[in-house]
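What follows are several structures.
One chain, chain A, appears in both complexes that follow, with chain B as partner in the first and chain C in the second.
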Partner chain A sequence: MDSSDITTLEELKSYLYSAMQLEHATLPPYLVALYSIKPGTNLDATQIIRVVAVEEMLHLTFAANLLNAIGGEPDLTVPGFVPNFPTYLPDGEQEFLVHLAPFSRQTIENFLQIERPSLAPSGVNKLVARREHGPFLHLGTHPRQTTMRYYSIGDFYKAIEDGLVYLEGEAQKQGKTIFTGDAGRQITSQYYYSGGGHLHPVTDLATAVTAIRLVIEQGEGQTATIYDSQKELAHYYRFDQLIHGRYYRSGDAIEHPTGEPVSVDWDAAYPVKTDVKLADIPAGSELHQAAAAFNQAYARFLAEITEAYNGKPHKLMEAVAHMFEFRNAMTVLIRNPLPGSNGLYAGPTFEVSPEAAGAPQAGAESLEVVA
Partner chain B sequence: MISSIKKTSLAEIKARLEQHPIEAVIVGTGISGAIIANELTKAGKNVLLLEAGPGTNLTLQGYNEFLSNFYGATSKDNQAPYPVNPNASMPRSTNLRKLQPGETDSATYMVQSGPYVTDTNYTRVYGGTTMHWEAKTPRMLPEDFKSQTLFGQGVDWPLGYDDLEEFYQVAEREIGVSADVEDQSYLGVTFPKDYVYPMKGLPLSYLDQQVAKRLDGTEVELYGQRYPLKIRPFPQGRNGIPNDKYDRGQGYVPVGAVSNHQIEIGERCQGNTNCVPICPVQARYHSGKTLAKAFQRATGSIHLLVQAVASRVVIDPVSGRVTALEVKVYKDPKSSEHETVTIAATIFVLASNAIETPRLMLASGLRSSSGLIGRNLMDHSYLLSWATMPEICGTMRGTSVTGGIIDLRGGAFRRHQAAFSVDIHNDGWGWAVGSPYSDLTTLVDQYNLFGPELRRGLINRISSQLLLAFMIEVMPSESNRVTVDPQYTDQLGNMRPVVSFTVPEYTMRGAAYAREFARTVFARVGAADQSRYDPGDYGYVAYNGQGYAIRGGNHLAGTHVMGNDRNRSVVDTNQRSWDHPNLYLVGGGSMPTIGTANVTLTLAALCYRSARSMLDQLQ
Partner chain C sequence: MTAREESFVALSVLLTGYDSVHLLGTGMAEQYLAILDSILPTGMVDDLLAAYQRLPQGPQREPAAAATILGDAKLGPVARNLIVLWYCGSWTQLPAAWRATYGAAPQDTTHAVSADAYQAGLQWLAAGAHPAGAKAQGYGAWALGPEGR
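Take a look at the complex of A and B:
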């Protein structure tokens, strides 16, 4: 085993916070693409994107379980938790930007970049210097050495796994454990289940490693095989089906799906303005109010999830009900033209910081009407 | 769940028939056929399933096409999602009309004569009626199995509650029932110590809670006995929160949407109000989930032939054994062009439903030596009562039904009148008058509302709607029956069912009391009664000077009744035909009485029990 990048429990906690941030950061792009699809069209694409988004939430929840298991306190309301899109993700030697953009071939290719399986080749340093220094958040950055980032998300998770093994090993030598978290804070499959992957509580090294590997295998991962150990199609290959216009089936070679055809109509999507900001929407307009209201609703949702991850798992149920509301609120934005944007449409901006949220009261009322 | 479920072509089936003898042919892919297919394939048996419909909904995409049909349909009746198919027609309420006494309507698939017309129906597509069912899954009461002994009504079952209990558990696992034992332990229904349902009970709707607030703890008096009332949640075959105590702490893994690709959406119930006629996310059980398991496990030993309508059961006149099944395999629903094939097997299982199974037997000239095939047709009779709640109650939120009143499902009064179970409908007056669409018409045409006022008006009008649906028991009566008549045939030339049904007086006494009971409930909760029964209604029944519109319940039963005496029943307690030792008639038709339990759970339990007997026979 390589020597661990992570040598203290506090470091491990900050890595796991970054992991939560990373898992969450894929949700807004996936949701914008999903809801930009015109109703009744692209049924295959709708299901594929939806399933991946659901599994990203599973991964987010696993990251929270891991953090809780070692006595951390997941907090999705920390300013800066939600990236100001676009945001950087590592891709080997390069970094690339993840955008909030409508369903299109280009967007799916962006998603493929997000999910591309890669690990630093042996001999290549898995920590590389950041090249880009724009204003945007860099995911996969080394929490301590902020000018360094991981070669890939897979390497980032591998570092967490190594850290868990190292720290628990050290603790065991002294007859202790790092898994001191309250088991009651774990989210179990009672509260969350999807067909892909069973959510289990994390209480020791074995369950922690299983959780990490599931996250790695399902997506953003390192496995270079189409199906993971649970015979699940990895996220990269799910999206790849849209590019190839065919479903994968077991036994297929990479890049050569031979299943039933997947019909894709790249044009059947609302042309949402890429990385739209509140500032792009005329102030005082209904659209602006709706966008501000959405951001507030999203902030409330993150607050509820945070409560759920902090000892009130039943809050996840309420959060689910609110997801329907913000789905409707997103749809209203996505289906409305944006004045002065040459035919582009509005969309959710995901600016959840208090200063970005805009006029609170008027927005809240208008959300109620649309919901 | 993912399954490699697929159709097999007729040519392939024919080729296989020569090499691999079929051990069991099963007619129908509803819950009975699915359970038996799954149980037989578990034991490695070679099974052929016949489905009359085209099976387009084997795929998620096909299922979702049904959903689009429903969304686009102007009538939201039980068959709205399912395309018209003249080769496998189904009864449909929207085609019915009022009939005078003696008048016959043969324009509808199920031929009926006046004065009473039932709008009972079933769905002839892959998955059968579990495609449109509401998925309420109460067990029968122990007293329901002994209604002749206890109340002098109907007949006793040859089995008791205790004989079925273990099979109820298996059926609850397969369907994936969400309920809490403490809510369902009443009127003698017992569970083994430490039993929990696979998933936790679904919560009562806000509307249920508003009714409960004023009704719980009050009583009614009936024939000198007092019955306390309480709004309780119903057990439901839809995905909720898995109970981690299930199966001695093993927990339960819910079955989500079925797909042949990795689109495992693993849905739990989202509270859409259109459980009937189709769940948008497959949180509600349908038998395609059970068949998906069979196909996943046993590719190679289970085959599905679609567009295959069983048309004749062929019998060896000496032994009485079934030698073959004649099946008409059509090429296109629009055309009568078909090929008739003869399929031999070791055992034959007719799992259509309590109308189609006796129809096929009678069309084959098989009346059974007891003469009881097609007789004793039962269904629950429904009486609807609707009212306006004194405040907004959030109607139209939640599944079709979450709670109701079960306190009059059992009791000594059953000597005199039928028992009933009461549903509180979360979908407002939809069943009675067509809400919310009828509300829109009313507000636009009669009140001239538009814009924000119309929106507000709709909210106010709809969200205070309360509809109580009384599901009233019907006892067996030989004159309520299914027959066939060569003058009434379908596009393939198969004889259609001719149904004669009169609501028995015992049931009407229950209905008259139900109406009185509804008024009592409305008065207690402060709701304004809005119920009207139109003498022009096809289901209108006059009783003791009052008129009632009686609806069918789609809980068909009784037409190949089980018993211990071959002269007084059609099948034995394993649902095996007395006359034809390698023929099983399974499903609701075997049930001697139905009490006040929606029939699916009980018939599913019976199928698990019968599957054991089939396996013994196939050894």
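Take a look at the complex of A and C:
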């Protein structure tokens, strides 16, 4: 048995919590880039990033369904669930930083790194010692051996799939099952409408494996094919179209899209300060209040989703409507110049908990209480 | 942002009742200032901004704005048009008497400025509503009560 293997139900639960954290962590970077695009420009890029972001929401929900199916309790309000950006992700032997940054070629290349399909080559250990990076969160860290991380996100998900198969096999030998969760806690397409794919309930090994494979195929991919089993373009190749300035079409070779041209105007975006924090915005200003209000609204949104994932699936519809509300709050922040930053703009900071916000800023903190 | 743009946004705060974060947040400030520059006779935008700069601080500020900007024969109709521009994203042709006195520019016709301006209109924010056909709220959102209820 490999040290990267999952052997207990509690381990599987902590892996699935990590999976939820990972899927969620892609949303803030994708949304900041999406909403930094100037109105009326980059229509192709807007559509491409939006579709990927919607699918990440779907993946988050699939992870919650998996966790619910084995009797877990998804909780997105745990301090530290939202990373303090930048955050680290594994990419084979290397680790790289994921930033909150405006739409640019560099940002899309960062997104390509997030979605790059890779599995540890055979013979290479799936677990790699993770480097020490101070306070920043490492996504893809091994849940029990925190000094280790997975070679790739694909390897991390593969470990979950193997764990599901192994634990259910063991349970079946004793005439039991690990899928003991209340089916009423499953989120289905009835509660979540999107073009990202059909949301099916997870109730047994077959539906669990289907869910995990959909996440792997749509997202990081683990095969070297452009299209997934549902004939949808994997996320890596969606973003790759922006770099190449051309859409992929059926039959294209990797890195050689031959479809319609994609027009990209890299300069038509508000130059949001990378990884902007509340502390960067003058304390007591209207802008600071707006940024703090967004963080509170985002914390409420995570609490609503948590409620939806814990037996009130109908709450998800309300949460999605609120998601569109804070889209407006995000665009307002992104279109405001950041005072004293030499022409950079503000943006949502996603500091939703004291842990994520780091050490409290004495001045900012007291003013916020007054406001 | 140039000092002139800043002054334009500050004037707009006074006229619309929304703070500068919201006005800049529409992404339309630059475009609206450009519209005033293209439609109004040369120098008139600067006259309007100068009238704003001359307003006193304190409790006399709003009455002074009512008298020297909204109540002014030349600047009043322009200021009212600017309010409509921010709220509806459309330009309304200036009154005939004003056009006869100060000059009629060919672009001074009643028109929607752009699709983005329509969506950015403060009217939606003020009503707690959403521009029809844009800024979708998500499937089933029509079943939820309006904000603040």
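Basically, the second predicted complex is superposed on the first by the 346 of 371 C-alpha atoms of A that agree within 3 Å, B and C clash if a C-alpha of one lies under 4 Å from a C-alpha of the other, contacts with A are read in each partner's own complex, and residues count from 1 in each chain.
What we mean here is this: a contact is a pair of C-beta atoms (placed from the backbone, for glycine too) under 8 Å apart; a residue touches a chain by one contact, two chains touch by 3 or more.
Everything quoted here is computed from the prediction, not taken from an experiment.
Looking at the shared chain after the overlay, A:D275 reaches neither chain B nor chain C.
Of the two partner chains placed around the shared chain by superposition, chain B and chain C are both touched by A:G40.
By the touch criterion defined above, A:E95 lies against neither chain B nor chain C after alignment on the C-alpha atoms of chain A.
When the shared chain is aligned, chain C comes close enough to touch A:A290, but chain B does not.
Looking at the shared chain after the overlay, A:N336 reaches chain C, while chain B stays out of its contact range.
With both structures placed on the common chain, the touch criterion links A:N328 to chain C but leaves chain B unconnected.
In the superposition on chain A, A:E168 makes contact with neither chain B nor chain C. In the superposition on chain A, the residues of chain A touched by chain B in one structure and by chain C in the other are 40, 193, 324.
By the touch rule above, chain C contacts chain A in their complex via residues 1, 19-22, 24-27, 114-116, 119-120, 135-141, 143-144, 147. Contacts from chain A toward chain B in the complex involve residues 40, 43-44, 47-48, 50-51, 54, 188-191, 193-196, 198, 232-233, 238, 247-248, 259-260, 324. Listed in rising order, the residues of chain B touching chain A in the complex are 1-2, 60-61, 64, 68, 200, 241-244, 251, 253-254, 256-257, 259-266, 268, 270. In the complex of the two chains, the chain A residues touching chain C come out as 38-40, 193, 286-287, 290, 317-318, 320-321, 323-325, 327-328, 331-333, 335-337.
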